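Take a look at the structures listed below.
The following pair of complexes shares a single chain, chain A, combined with chain B in the former and chain C in the latter.
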Partner chain A sequence: MANIIMFIILAVFIIVSALMCVATTRIVRAATFMLFVLLGVAGIYFLLDYTFLGAAQIAVYAGGVTMVFVFAIQLVSKRALQGLEKRVKAGTMAVGALCALAGLVVVSLILLKAGFLTQEIANVEVPMKEIGTALVGSGKYQYVLPFEFISVFLLACIIGGLVVARKEEEA
Partner chain B sequence: MFDFSIVTQWFDALLRETLGLGDFLSILIECVLVGTAILVGYALIACVLIFMERKVCAYFQCRLGPMRVGYWGLLQVFADVLKMLIKEIFIVDKADKILYLVAPILVIMGSVGAFSFLPWNNGATILDFNVGVFLLTAISSIGVIGIFLAGWGSNNKYSVLSAMRAAVQMISYEVSLCLCLITAVILTGTMQMSGIVEAQTGPFKWLIFQGHIPAIIAFFVFLIAGNAEANRGPFDMAEAESELTAGHHTEYSGMGFGFFYLAEFLNLFIIAGIAATVFLGGWAPVNIGIDAFDAVMNYIPGIVWFMGKTFFLVWILMWIKWTFPRLRIDQILKLEWKYLMPMCLINLVLMTVVVALGLYIK
Partner chain C sequence: MIPVECYFALSAILFFIGVYGFTTRRNLIAMLISVELILNAVDINFAAINRLLYPNGNEGMFMTLFVIGVAAAESAVAISIIINVYRKFKSDSVDAIKNMKR
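Moving on to the complex of A and B:
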């Protein structure tokens, strides 16, 4: 009962923020509403007692990605920043609707095929130790290879960013 | 040690059994009560900190500080708070109104969220997840976005400049802050707040004794980075009142400004509180292995230990603030990226070696 009430509050919050995110013409506002969507999703993870994923969601998406977006937005032209450009066109709307529909189909297919809707999942907090060993273990159902791959990938991204951003001294 | 969970369990039983309320209602009542307690504690501690800051600052500058309102100026802060509450809140023309209004709320959200993680006493930890420290750093990082949006939403060039500086500074220092906490977590073996304190109870078990060299390095780096994270001098680049008027909260009045002010002071308390919890043992008393002495120390309730350690660290941070001149923004960033962060990484390896070889005090 309490779970359902909390879920409804979070769901309404997420949907309203998501709509506002795409409907607003000011780009910094869009980033802010996206932050709310991400926080709402983190709330759902907490509702499911999946605290590690919730914390990662807040740390990586709400704290990290939103800040990266905000910094990237600073590079956008001034007219777009102040919402002077009208950017909602019929073509964009159609593409957006199509993407949303495709997403809906994919998600519902996964839900129905895997039978998540009928499956009873034990509502227990996964101990941190288990997550930690699974992340850097090399056995079955353990993820050291993707973990290392992603870290190397991120390192490459950082170095690439530095190379792009660095101004060479005029010789 | 007094275990506060006796009180909470008694209250839970009172609601559930004596009054016969269901699961839903009793949890709801408990949540509302705990929430109120957090907010009241937050406000009271803010008052104490503001008064302390004014007095400490005054004595460092050979002044007396507030003396007129109440005995020794004790009522000054309450008068200030009252003044702040009845001030008009106005919105700047051409400001981005949504962002302008949301920003202080985000800042206070990050601050209250982090505040709720502090372990006050044995059994009185409010948020005690198994991902405790990780979640704590995640929630406190929301404050950066609040500060940035405040600067951006105010439609004021000084505010934007300050917001950029604050964001850059806070994001940078978060790196060493988290690395220091990870260093501590390696030794304690848990991220849960109560577990971290539990690992430090006993003779010479406080982390700075138990983990000796790497723990002490992590402790000092944590205090420096925390000072920068809370935007306080000598790192108060975000406000820099001589160059940027009042920084990101230039355009705020009344409680809008009050929220930033509160969050700034409470962030100081939170940093000191986390440092006290993670490195100085939280509510764990001083134990030296002599039974009589330990027994006496154990009689002192945990909250006194926690508050004592936290306010000691707050005092040290205030001492630093009122002693050192402000750094330039490039010096601040250089300090973090070229010195503190590499040191933290090396320290992390050192701590791993110490723990792996069992060189810590058992």
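Moving on to the complex of A and C:
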């Protein structure tokens, strides 16, 4: 029962924040509401007993990605970023709303038509030891290759970001 | 016990709110924020399917973990591109970018 109440609170929080995020006219407010959505999704992970996943979501998204967004908003000029609403035409908005609603109806019909067999689960979180051995093990259902690949990928992204964003002297 | 359809409904609504934002916004950073909403909706699906339909494995959890990592790298590179675009075109609107190279 407490689970259901928590889920309803989190769902309403996420949906309202997401709607405000796409509807607000100030870019800083959009970033702030995105932070609220990310924290709500972390709450969903805690509700599913994925505590490690929720901690990773808070650390990477709420701590890292939101900071990157705020820095970008500060670097790109302030006056160019205000007044988001006057660039959007009513026709564009109607087409976007129509696309989103049509997609939502289709996906909801498919999900309601398919029967899912929910398994009864004990409320136990995944033990940290299991996560650690699965992340760096090389056997079946273990993930050392994607783990190492992601580290190389992040290094490539750091170098790529520096190369793209640095000032060119001669240009 | 929350039925798995509730998680699917939440993630579908979040996904299409992101789609709406991506189609209506004309600002590059606001579009990137909408993409983050879409990625989070997909992450909810992975975690809920793993937990409620296949609770014996952990594949969905690790997939979500890797998606979080890739999304962080993607947003960092996209923002460096946006800063570069702003420096060249003096604007952050998608309509300002007429050609890829000049």
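The working rule: the second predicted complex is superposed on the first by the 125 of 171 C-alpha atoms of A that agree within 3 Å, B and C clash if a C-alpha of one lies under 4 Å from a C-alpha of the other, contacts with A are read in each partner's own complex, and residues count from 1 in each chain.
Going forward, contacts are C-beta pairs under 8 Å (C-beta built on N, C-alpha and C of every residue); 3 or more make two chains touch, one makes a residue touch a chain.
Just so we're clear, the structure is a prediction, and the values are computed from it rather than from any experiment.
S.K.: Once the structures are superposed on A, label A:11 by its partner contacts, choosing first (chain B), second (chain C), both or neither.
M.R.: It touches chain C, and chain B stays clear.
S.K.: By the touch definition at the top of the document, which applies to A:90: first (chain B), second (chain C), both, or neither?
M.R.: A:90 sits against neither chain B nor chain C.
S.K.: With both complexes overlaid on chain A, does A:125 touch chain B (first), chain C (second), both or neither?
M.R.: A:125 contacts chain B only, not chain C.
S.K.: Taking the superposition on A as described, I'd like to know which of chain B and chain C A:32 touches: first, second, both or neither.
M.R.: A:32: touches chain B, not chain C.
S.K.: By residue count, is chain A touched more by chain B or by chain C?
M.R.: Counting residues of chain A touched by each partner, the higher count goes to C.
S.K.: Give one of first, second, both or neither to describe whether A:145 is in contact with chain B, with chain C, with both, or with none.
M.R.: After superposition on chain A, A:145 lies in contact with neither partner.
S.K.: Name the contact category of A:99: first (chain B only), second (chain C only), both, or neither.
M.R.: Touch status of A:99: second partner only.
S.K.: Is A:108 contacted by the first partner chain B, the second partner chain C, both or neither?
M.R.: The answer is second: A:108 touches chain C but not chain B.
S.K.: In the superposed arrangement, what residues of chain A touch both chain B and chain C?
M.R.: Common interface on chain A, chain B vs chain C: 52, 56, 64, 71.
S.K.: What part of chain A is in contact with chain B in the complex they form?
M.R.: 1-2, 26, 28-29, 32, 35, 39, 51-52, 54-56, 58-59, 62-64, 66-67, 70-71, 74, 125, 127-128
S.K.: Which of the residues in chain A end up touching chain C in this complex?
M.R.: 3-4, 7, 11, 14-15, 18-19, 21-22, 27, 30-31, 34, 37-38, 41, 44-45, 47-50, 52-53, 56-57, 60-61, 64-65, 68-69, 71-73, 75-77, 80-81, 84, 87-88, 92-93, 95-97, 99-101, 103-104, 107-108, 111-112, 116-121, 126, 130-131, 134-135, 141, 143, 146, 150, 153-154, 157-158, 160-162, 164-165, 167
S.K.: Quick check: in the complex, which residue numbers of chain C touch chain A?
M.R.: Listed in rising order, the residues of chain C that touch chain A are 1-10, 12-21, 23-27, 29-30, 32-34, 36-37, 40, 43-44, 47-48, 51-55, 57-59, 61-62, 64-66, 68-77, 79-84, 86-87, 90-93.
S.K.: What part of chain B is in contact with chain A in the complex they form?
M.R.: Against chain A, chain B makes touches at 23-24, 27-28, 96, 98-99, 102, 129-131, 134-135, 137-139, 141-142, 144-145, 148-149, 152-153, 164, 167, 171, 190-192.
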